[in-house]
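Okay, handing you the structure first.
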Amino acid sequence: MSRPVTLFTGQWADLPLATLAEKVAGWGFDGLELACWGDHFEVDKALEDDGYVTAKRELLESHGLSCVAISSHLVGQCECDPIDERHKSILPDRIWGDGDPEGVRQRAAQEMVDTARAAKLFGVDVVNGFTGSSVWSKLYFFPPTSQEDIDAGYLDFAARWTPIMEAFVEHGVRFGLEVHPTEIAYDIYTARRALEAIDNHPSFGFNFDPSHLVHQFVEPVAFIDEFADRIFHVHVKDVRVQLDGRSSILSSHLDFGDPRRGWDFVSPGRGDVEWDPLIRALNRAGYSGPLSIEWEDSGMDREWGAQEALELVRSIDFAPSASAFDAAFGDDE
Amino acid sequence: MSRPVTLFTGQWADLPLATLAEKVAGWGFDGLELACWGDHFEVDKALEDDGYVTAKRELLESHGLSCVAISSHLVGQCECDPIDERHKSILPDRIWGDGDPEGVRQRAAQEMVDTARAAKLFGVDVVNGFTGSSVWSKLYFFPPTSQEDIDAGYLDFAARWTPIMEAFVEHGVRFGLEVHPTEIAYDIYTARRALEAIDNHPSFGFNFDPSHLVHQFVEPVAFIDEFADRIFHVHVKDVRVQLDGRSSILSSHLDFGDPRRGWDFVSPGRGDVEWDPLIRALNRAGYSGPLSIEWEDSGMDREWGAQEALELVRSIDFAPSASAFDAAFGDDE
Amino acid sequence: MSRPVTLFTGQWADLPLATLAEKVAGWGFDGLELACWGDHFEVDKALEDDGYVTAKRELLESHGLSCVAISSHLVGQCECDPIDERHKSILPDRIWGDGDPEGVRQRAAQEMVDTARAAKLFGVDVVNGFTGSSVWSKLYFFPPTSQEDIDAGYLDFAARWTPIMEAFVEHGVRFGLEVHPTEIAYDIYTARRALEAIDNHPSFGFNFDPSHLVHQFVEPVAFIDEFADRIFHVHVKDVRVQLDGRSSILSSHLDFGDPRRGWDFVSPGRGDVEWDPLIRALNRAGYSGPLSIEWEDSGMDREWGAQEALELVRSIDFAPSASAFDAAFGDDE
Amino acid sequence: MSRPVTLFTGQWADLPLATLAEKVAGWGFDGLELACWGDHFEVDKALEDDGYVTAKRELLESHGLSCVAISSHLVGQCECDPIDERHKSILPDRIWGDGDPEGVRQRAAQEMVDTARAAKLFGVDVVNGFTGSSVWSKLYFFPPTSQEDIDAGYLDFAARWTPIMEAFVEHGVRFGLEVHPTEIAYDIYTARRALEAIDNHPSFGFNFDPSHLVHQFVEPVAFIDEFADRIFHVHVKDVRVQLDGRSSILSSHLDFGDPRRGWDFVSPGRGDVEWDPLIRALNRAGYSGPLSIEWEDSGMDREWGAQEALELVRSIDFAPSASAFDAAFGDDE
Amino acid sequence: MSRPVTLFTGQWADLPLATLAEKVAGWGFDGLELACWGDHFEVDKALEDDGYVTAKRELLESHGLSCVAISSHLVGQCECDPIDERHKSILPDRIWGDGDPEGVRQRAAQEMVDTARAAKLFGVDVVNGFTGSSVWSKLYFFPPTSQEDIDAGYLDFAARWTPIMEAFVEHGVRFGLEVHPTEIAYDIYTARRALEAIDNHPSFGFNFDPSHLVHQFVEPVAFIDEFADRIFHVHVKDVRVQLDGRSSILSSHLDFGDPRRGWDFVSPGRGDVEWDPLIRALNRAGYSGPLSIEWEDSGMDREWGAQEALELVRSIDFAPSASAFDAAFGDDE
Amino acid sequence: MSRPVTLFTGQWADLPLATLAEKVAGWGFDGLELACWGDHFEVDKALEDDGYVTAKRELLESHGLSCVAISSHLVGQCECDPIDERHKSILPDRIWGDGDPEGVRQRAAQEMVDTARAAKLFGVDVVNGFTGSSVWSKLYFFPPTSQEDIDAGYLDFAARWTPIMEAFVEHGVRFGLEVHPTEIAYDIYTARRALEAIDNHPSFGFNFDPSHLVHQFVEPVAFIDEFADRIFHVHVKDVRVQLDGRSSILSSHLDFGDPRRGWDFVSPGRGDVEWDPLIRALNRAGYSGPLSIEWEDSGMDREWGAQEALELVRSIDFAPSASAFDAAFGDDE
């Protein structure tokens, strides 16, 4: 099929975009999904500097690369999260400020609104990201946690994100939440609950990424079929469950890459994601946007990995059938 | 085998102990593991009132019931947890006080020390319970969480619990942590890490409960074999994994009893715990304490359940072989 | 729980009811689900003979047996089926008549109406049975079969059964289709399609029987949850899938009891039905009617089997929890 | 290995053979298995027109394509089936005639004899196809179906196909039944029963196609090993079982391509067929005929699919070992 | 069903038969399968002492116990085995003699003939046992082992056992080989090979014991169906496969009872034997002899175990259906 | 990654090395692991003839092939084995001599010492091979086998191999035992036992080959992690478990290649070895030696196979990540 294959630049932010773009183009990618960190896509500069987005676009075009989505996971995370020191490390100083939690959250909210504006200037209509969650950390209900406690988290989410979504609508940009543990939605039931909380706002949908579902034993295809019209963007990322009776699916507070973990991210094609049914589900959903490789594998050289991932995506991204097969045997007259 | 079968009274604290004891004796139990809440075992009264423990013991004996362990999960939880409103609901006012987190933690610490003293007065040498954890809620490492962050949680645990364990030693009482999500140890690797943090303190061991391991896909037998000499007490409790492609093993912030959850507690014998290998492992470990039924099943009448659980335990608790079988064919001379 | 446990008499129609009732009462059953064949419940006599239903009721009561449902699978089957010689063997002569298919169908339709009337006289408000299907035999779509072909089958069903259901409503009786291969509904999707075809007629629901779902790999619990308010009656019947690489799940035109078949019916508890989740689902659905053992196992003596099945049902039929467990740890104040 | 890889043209009959042959040759196929419908191979013209088979052969050769088998599934199906309107759509008018069932069957029988004659003229010695079955639709034994009923179906098959097979012998042509639900043989046990019914006629064997076995849970390798000397031709076709607790293996009267079905055909390599053991079994059986790709996948563009299927077959079709390995370590002297 | 349930006394040979018989009768067994070691059944005394067998029989009868089979595994093992020191420990001195291998084998052969004679005197017509094997230890073919090497082992077996079987025929006694690793037959294919080697001698059959098949992943039911008319006796014994990624199915030269082994024997009902299908297979085979519990479980007290095993067997040993079920729905006339 | 990919020449010893080297170089291999049989690497000539090793090296270099390890499985096997006729076929006459077992063993021991010397001359520092075992054949403990019996086998191993290892140390050469049934170590527990027996001799380690572990259900990754610093060499070889209820995992004394076996060797990538986790484990272990393809598949042409195996290895041998991923989201400042 002709879906573009892009690389999400988040895990390559240590490289200047110019360097990365050259590599990626050389490997044969169609485009990039730019991260709003490193020098890849800087929201403040895009808004302040008239030539910024043009120069960025020209850099990409000089390598024959497209860009139809940008991503702002780090700032979005700070919207609903209880803020602690770890958030400081993922925010620019201008947003962290004095670190007062509510202040951080409000500056982050403004940044998300600005991101939509910058996206529009840059000519992309999808911003992917995280939302954070005030109730994620209460995922096990001890001390006893009532549904009222949980509802409060969803209300908080709605209160903070509805105004942001309103700004998105205004700019004609949509937000794709990457459904993911630590976020307001991390599986099918919480995605439904989040949508209901935000009153099915038309700008709010999903950056579908199967790697966050499989280790929860959630079937990615079921997610796509359930939210077919809310799939705004797609990440190609893989995960392997490696349970041996000693490892825990909760991963034992061990680092990614530690073989004692119960699951870990791996290069696409080397994990438990079943790609063929997933492509069929995207075809059914009518999704025609990019297949964006978010490459993360603590045990593999990333340049080897990005290239094998591209090859995988090319081999799995087939077009749906042009016509039903019921005509197969009936063509004789 | 002759291990006593007891009922943990935590889930029956709405009943006065006198009422409960009569029922439980009638069903054929050997004894009770008293919870330190409701009127079952009140630490403050035990220490203040000279006749309290004697009267309590006589009540039990009048029904032919033993008691060799008491449990203080609720207070223990407040030791290391970040304190929030939910903790208020599980603490007596005298410990909650003004709710200032550090104050709560320190009063809880004192209560644990008092609990050891009360246990000794009452004549039991095992106190089961929880520890809480300052890092549990960071179980998914986003925002990025370093091993230094996690180490800090274990240091906090060691700093708070070492003095308590010292008091336990003094009274000849041991503490059995119920390894459980939300606690400092919730699987094999974290149990090892907790033991190392607390320098393998001789008073610190485990209240083994398989129901918190199976939904993590941790093999209960592996836990027993790994920590054979630290199994201070045993809970008989069961859990069922009910994954169907839509449910998440993280349980979607849904209440216990909601069929959309990925796992749930069920009456012993109706879940995924394999009891036969578990009994063999306890036999290998030389564990001769009680098998204490902690009955919890949101879908079953608890009185029916307690009785079928007792019947299950009687049928599975066999003695080890008196002699090796290598003599089997060789007795002919 | 206090759901009555009954025996469906269909597979015992070679015994006079008087003989059977004595046996069954002796085994400890609570009641019978009478088949409308043999001398168990004769619709024509019930309508013609004023004393028939009274005498029948007295016979049951003399053995302490209840009856709250009757079953008319054989006549119902002839409603929508293409009629062939095999149908002659399951019908009384007065319905078969000259065997002209449409005549048979119409006489069968009248008999179903009469059955509702007789049921009312007898004091039962559920009639279980089959519907037949004009499209079942086209389950594999070769020669090419269009959805229009299939739709025609559902229209035929609606045309024939709507008038019957109207008569049922009039008598305050409900019809429980036993969802089953060869019927208009045999799984979740076809049950939904049948309900839609008949415009969700309030008299039309299901006699839930897991044994017809499991060999199709349909999860019985999913069926109950989907149609909770349409579960009018429940059959306890079990089935085992016995695939070995040579056997076919389609069963190779081999008789029941032939070990080369890919699946077969077995005595409850010896097959692949998981009873515990099923009881929980019935509890959720609020079903309080009988658990009626339809005993069928080609490899076991039926009297042994009926008794072990009764013992099984008594052990699995627990009551739901009286109260939620969220109060478990929170009772301390 | 040097087995030719061919494409079965049945699902491409909407394309003129000239168009198809050019495409297929361009993709690298070795040859075609011509369907006896569309303009691919017309039996009546082959017998009437002296130049027909020569022209057809020349067309193929101009593209470097071989043809060693032709297929007549549609006409064969009408031999034993109860004839209904669906059969009209798969037959030419000259065979359907007035649609009187017995007349249709007899004209179809004559056409099969003619097909053998035409095959010989064309220089191929295998005709693949279907047989139909008068008992297939009775695959579930309700209303009660005796083995006598089933035996009657096999007798009917023998009576109708023995004369056809006699004609095949006369022309030195063999018939390969594609074992398939809806046919007289659809698994191992029914294939054996069919062979016995027709007295192991030497012209009667199988067009082995694993895609019809796997969703029945029949092991394809077991089929090959059982009927090694009756494998006259091989189809490469794949199937995926997609059971999720709601879907039925009987497929719920849903169209191919509907994701709610319990199984569906997919492009070779994307389903549940295990190709490596299958190739080994064919090597053991000494099969050296074509591997003919019958491409059918309702969710994929067929031109993409045919090419990836060809690539798959080239990668799996290895030669057997030239010599046993017992010499491996013993060559030292 | 009325099959007698017996206890094989081999693992209880440390107890005098008088002691054992009293216990076993008290537990409710129907009889004993006497081992030819300890004082349970002494072949030499039975032949020398006129009153021996009568006294033995009277002892059993005084406890209401039957005996229809005796077992001579230890002597039989020495028939074909390469003899080493371990064999000395399982033989009486009179057979071991000077330990010269061929002499041991010949004295063992004579003892087997005498055993048949003694069995007849005692009134039993089945002797169970082992055969040994000269090729068992070559089960992995390195150094390279040819089929000629293996054939030599079967020829040796035939040469040694044919004369013994001739003596059995003469006395009207049959030999039931317990198919078992270390014996000439240990699975389906080697059982067939052994039968062919000994020319299907009518006195040679099997003491079916599923516990030796399951850890080889051989399906016990397949064995019974394959050799239905050669099932001379049945052992009820269970085995558990306990693979965890570190344990080996070859068991690592670790003792029975060591939890690191890949499999181990366990009390019946606690392992991987599926008893229901096995009973059905025995019913099909028409086996009406004893179900003899060979109790062996290194982790359980044997007296507890023997009693629970008896209870299991009583619950599983159902009679076959008296009549086919095809009459089920057809009884209406 | 840049690990060299070599071919082990043992299964190609029927070809002169000159012929083989040309082929293998043409296929793209980096080097060879020479077998010490055929004309590939002759220890006696290497020591006797000054020019031998130079000529051998030049031959390899003329084809651009490296050699960093040689293998001496056949001679090593005779060290601890009970010697029988099969060993004659794998030994040169000069070692077999008169076949007296102890003499054979001692001449084999000398040959191993010489092999180390020859290896050094040739410039390789790893010799792979077997050890044989005096207790392997007692893998099933009947007749009863005590741990003392088994210990004796490990003592025998230590006594025979310690002097050989001393000689290896002297020459700076290491010995890699291919852990394998029939050897002193064949799984994790026996490998540990062997290491302990030989006092963790620094010259004694392993030629890791997963194909001998998987059919024992031992996880290859667990082996690597357990003995990370003892992995001296790696064989790429695959195995498939093919259990169907009739086949035995012990393989029924059937030849390799017989489809009735429970497992068999297959070309790499076509079996049950999971290569991706294995490569990750080797990366963790820091193994940087060759990946040496030991090609053995009784059902495939070996030249086809060697080439597809090479392609597999090239696709799986990725480098580890240069840096941890915890920096992934944190690069923003």
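Side notes on the structure shown:
Labels for the chains are A, B, C, D, E and F, by order of writing; each one numbers its residues from 1.
As a working rule, contacts are C-beta pairs under 8 Å (C-beta built on N, C-alpha and C of every residue); 3 or more make two chains touch, one makes a residue touch a chain.
Worth saying up front: this structure is predicted, and the values here are computed from it rather than measured.
Ranked by distance of CA centroids from subunit C, the top chain is F.
Ranked by how far their CA centres sit from the centre of subunit A, the chains are topped by E.
Between subunit C and subunit D the centroid-to-centroid distance comes to 40 Å (mean Cα coordinates, whole Å). Centre-to-centre, using mean CA coordinates, subunit B is 49 Å away from subunit F.
For subunit A, the set of residues touching two or more other chains reads 74, 89-90, 141-144, 219, 222, 244-245, 255-256, 326, 328-330. The residues of subunit E lying in touch with subunit B in their complex are 10-11, 13-14, 37-38, 73-74, 89-92, 242, 244, 255-257, 259, 266, 270, 296-302, 304-305, 308.
If you check the complex, the residues on subunit D that touch subunit B are 244-245.
For subunit B in complex with subunit E, the touching residues are 1, 219, 221-222, 225, 276-277, 280-281, 283-284, 315, 318-322, 324-333.
Interface residues of subunit D facing subunit C in the complex, by the touch rule stated above, are 74, 77, 81, 86-87, 89-90, 135, 137-145, 147, 149-150, 180-182, 186-190, 193, 215-219, 222, 243, 245-256, 260, 262.
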